[in-house]
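Next come the structures, one after another.
In the two complexes that follow, subunit A is the common piece, with subunit B as its partner first and subunit C second.
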Partner chain A sequence: MLFSLDFEWLADPLYQDWLLEGLGTTLAITGVGTILMLIIGVVGAAIIHFNIPVAKPLTIIMIDLFRNTPPLVQLLFLYFMLSDLGMSYTDATTGERIPLLSGFACVVISLALYNGSIAIEVIRSGINSVPRQTVEGGISLGYSRAQIFRWIELPIALRLTIPNMTSNVVSLIKTSAQAALVAVTDVMFYATQITLETFLNLEVMIVLWLIYLVITTLVVLLAKQLAKALTIPGFGAGAMK
Partner chain B sequence: MSKETTSATFGFFGVVAALLAVLLTLYGQGTGEALRVLFDRSSLLLTGSSNFSGFGGGFSANVIISVLSMAIALVCGFFLGGAMVSPNAMVRSVAVVFMNLLRSSPWLVVLYAMLYLLPFNVSIFGHHIFVSPFLKAVIGLSFPVTAYIAEAFRNGIHAVPDGQWESARALGYRRGQILRLIILPQAFPLMLPNLMTTYAMLFIGTSLVVVTGTSDVLSIGKTVIASDGDDYAAAVYLYILLLFFLFAYPLATWTRALERSLSKGK
Partner chain C sequence: MNTPPCKPFIEVANIYKSYGSIAVLKGISMTIQAGDVACIIGPSGSGKSTLLRCLNGLVSVDRGTIRVDDFSVELLQSEKELVPLRHKVSMVFQQYNLFPHKTVLQNIMMAPIQVLGHNKQDVHERAVKLLAKVQLSGKENAYPGELSGGQQQRVAIARALAMQPEIILFDEVTAALDPEMVQEVLNVIRDLASEGMTCVLVTHEMRFAQQVADQVFFTDGGVMVEHGAPDRFFNNPSDPRLKSFLAKVL
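Then we have the complex of A and B:
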């Protein structure tokens, strides 16, 4: 069976274009999603760390909600809620109602919220593992609490949590495949299109799987390089191996 | 109440209140109507049949799929994890590569692949077995989960101190005996939180089986939306979010409690 695989469709320029275009969308989703995820993670961790009155319980509720429900349902809910809220504008030339937030934006937002909730927990655990003495050193040098967070705790926490954050980014990349279910033209979407035209389901899925495998492997390698470049000498080396 | 119980209760009621608040803001005056629709369709969404007469569709299908997948993945995962700690370097590296391949594949892609890869009919010793979408979903989901379980298994074994192996060897135990009688009983409690997290992940992942055409809660939700109108789409998805949350949150809380008691015991 292994030898009867037919990969001739890969030579078709149309399918090549489709895959490349889908790949571009997937990379855009994961890139923007990762940046937003990191921002949410840092802001959320800061809110919980500084015990900000109203924002802290809200952040905790957000984490509990997003971590314990399927990202797919979150995405579908967001997709329908935003269209329900009437967040759309009318195109002046054609009179057509265009949603303000496209499917692409919904996917990015839902991925950022879901993986951002995980990122908050990851960064928090990093902050908790910053040695007490380092923080005390900052206090004795006259740093304020905000300064300690910005210049001591956060940089160390972010470095310490690179391995966990990497698996979070990998999870984001894998979860991004569900964008196809709200008709965002990512690589998964085009792959299913190709299977509909060629009926070569297994072959297309193998190629798709390899594409995801290459993306995630590259991200993991990149993170390893980053961890190496950012090593603090004599500090937390064990956690970064 | 201890601090942990308080925060868990706060999270639970907080999320339920937040979901209700979103429903209220979305529907305003029409909230009552939306709630009535949800109430009428509850039986369909929960069991896949009207009037709670049947079982095995809707949300119950998600639960059944997750349990069956977990059972398959536990068996396969223990073997794969066993191969990953094998004394034979060849077996070990093949198992590690296989585990990494399984772990880094998106669940949706695996599910799609299974959908077309598995035949519709299998004949074993003359018996024809129909491979339903349900079965395909179970098998498809168990693949990535196998990898997670194998890794939890390996980590659990690595967490047992080497001295245990050495003393057992000194007492004349064989490798298999050491694993079964000495290492596994100690490793299992260490693995338990990881296994439960994996199960929670799998349960949440069952939402993806909607692509296989099983009558899970999402596909029934789509049917409900199609019959009751797009206006209630957000309400139906909120309800499904709540269902998943009600199932997954106690699990997560329990896992955290287990982890705490483990770290206290050290």
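Then we have the complex of A and C:
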């Protein structure tokens, strides 16, 4: 069986186009998702760190809600809830009802919220491991709490948490495959299309598997370079071996 | 040094501080003249470090008044109000408390630029001079983690001086150092003292206190037991607690 694998479909320009287009969509989802995830992580960690009334309990509820439920359920909920709430507009020329948030937007938002909730906790753990003395040094020099967060706690925390944050980005990339379920044409979507036309389920999935492996490996290598460049000499375990 | 008695630069009157049910300071008073070197000695847990931290508002007092030059420290609440005080009063810590992710030069330059809003070029010039003063020229781009304890502590002193303070507080700055590094740090403090900087030290270096101090304070159990000029203080102590403490440490 193993030796009768058929990869001739890979030579088909149509399928090549599909895979490349799908890959582009996957990279766009994960790129935008990662940026939003980091923003949510920093803002959420700051809200909890500064004990901001009302916002803090809401943030904690958000973390529990998104971190402790399946991301696929969140995505489908978001997708159906938003269209159910009537968040759509009518195209003036065609009279067609178009959802305000596309499937693409839903996928990006759901990934940003799910992995962002994890990012908040990751960054918070980093902030908590900044030595108390370092903060005291800042206070004695006249820094405000906000300045200490911006110039001392956050830069150290982000460096210390590069390994954990990398796992979070990899998780986001893997979870993005669920985009196909809300009809977003990512690489998973097109791979499924190809299997429907060629019936070469195993071969297509092997290729898909390798595509994800290459993306995540490149991200991990990039993160290692970043960690190396940002290592604090003689301090903690910021660098990845 | 030994200026004639005028309006004291630092005046602490009857301050109280408790952490929960533990009373750390129980009515401490002291005065320090401008340009003086004051050493605070005493057994561990006697409130020395807390007293020092009250002087720049790192610790707020429950009762009593603290005047540093024109500032009523106990009345300063917000971070903004405290900035001018932090400008005037710098602090050096036992654990150096440097910023590990910044180079030596950045550690020294950060606060004057970001807190005081000084011109970057001026601060850079000042930082290079200060590094020369603490004999660390050439270490500008090293990170704190790459330096020895004594070198880190000298960077911390340079960082404190970059704020152009009028008073520097030293909190057991040699307690975490090897004996041979203690001397290099003490020499820097000695130079500062001879230049007329007002220094308040919490220290266990009795010989240093004896040589350099203008006034020595002895705290025990949260109260000021005895104070005076080092000659009389070390050679002719009157309080039995101070006598027994000196007998142990000298």
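Throughout what follows, the second predicted complex is superposed on the first by the 236 of 241 C-alpha atoms of A that agree within 3 Å, B and C clash if a C-alpha of one lies under 4 Å from a C-alpha of the other, contacts with A are read in each partner's own complex, and residues count from 1 in each chain.
Everything below uses one rule, namely that a residue touches a chain if its C-beta (ideal position, glycine included) is under 8 Å from a C-beta of that chain, and two chains touch if they have at least 3 such contacts.
Note that the structure is a prediction, hence the values are computed from the model and not measured.
With subunit A as the common reference for superposition, the partners subunit B and subunit C occupy compatible, non-clashing space. Shared-chain residue A:228: touches no atom of subunit B or subunit C. Contacts of A:151 after superposition on the shared chain: subunit C is touched, whereas subunit B is not. Look at A:140: by the touch rule set out above, it reaches subunit C but stays clear of subunit B. Touch criterion met: A:188 reaches subunit B, while subunit C stays clear of it. By the touch criterion stated above, A:159 is placed in contact with subunit C alone, subunit B being left untouched. A count of residues in subunit A touched by subunit B and by subunit C gives the higher number to B. Rounded in steps of 10, the angle subunit B-subunit A-subunit C defined by Cα centres in the superposition reads 100°. Once both structures are overlaid on their shared chain A, subunit B and subunit C have a minimum Cα-Cα separation of 19 Å. By the touch rule above, subunit C contacts subunit A in their complex via residues 56, 58, 79-80, 82-83, 86-87, 90-91, 93, 95-101, 110-111, 114-116, 142-146, 156, 159, 163. Of all residues in subunit B, only 7, 10-12, 14-15, 18-19, 22, 26, 101, 104-110, 112-113, 115-117, 200, 204-208, 210-211, 218, 230-231, 233-234, 237-238, 240-241, 244-245, 248-249, 252 touch subunit A in the complex they form. Contact residues of subunit A toward subunit C in the complex are 131, 133-134, 136-145, 147, 151-152, 155-156, 159, 232-236. Within the complex formed with subunit B, the subunit A residues making contact are 57, 60-61, 64-65, 67-74, 76-77, 80-81, 84-85, 170, 173-175, 177-178, 180-181, 188, 192, 195, 201-202, 205-206, 208-209, 212-213, 216-217.
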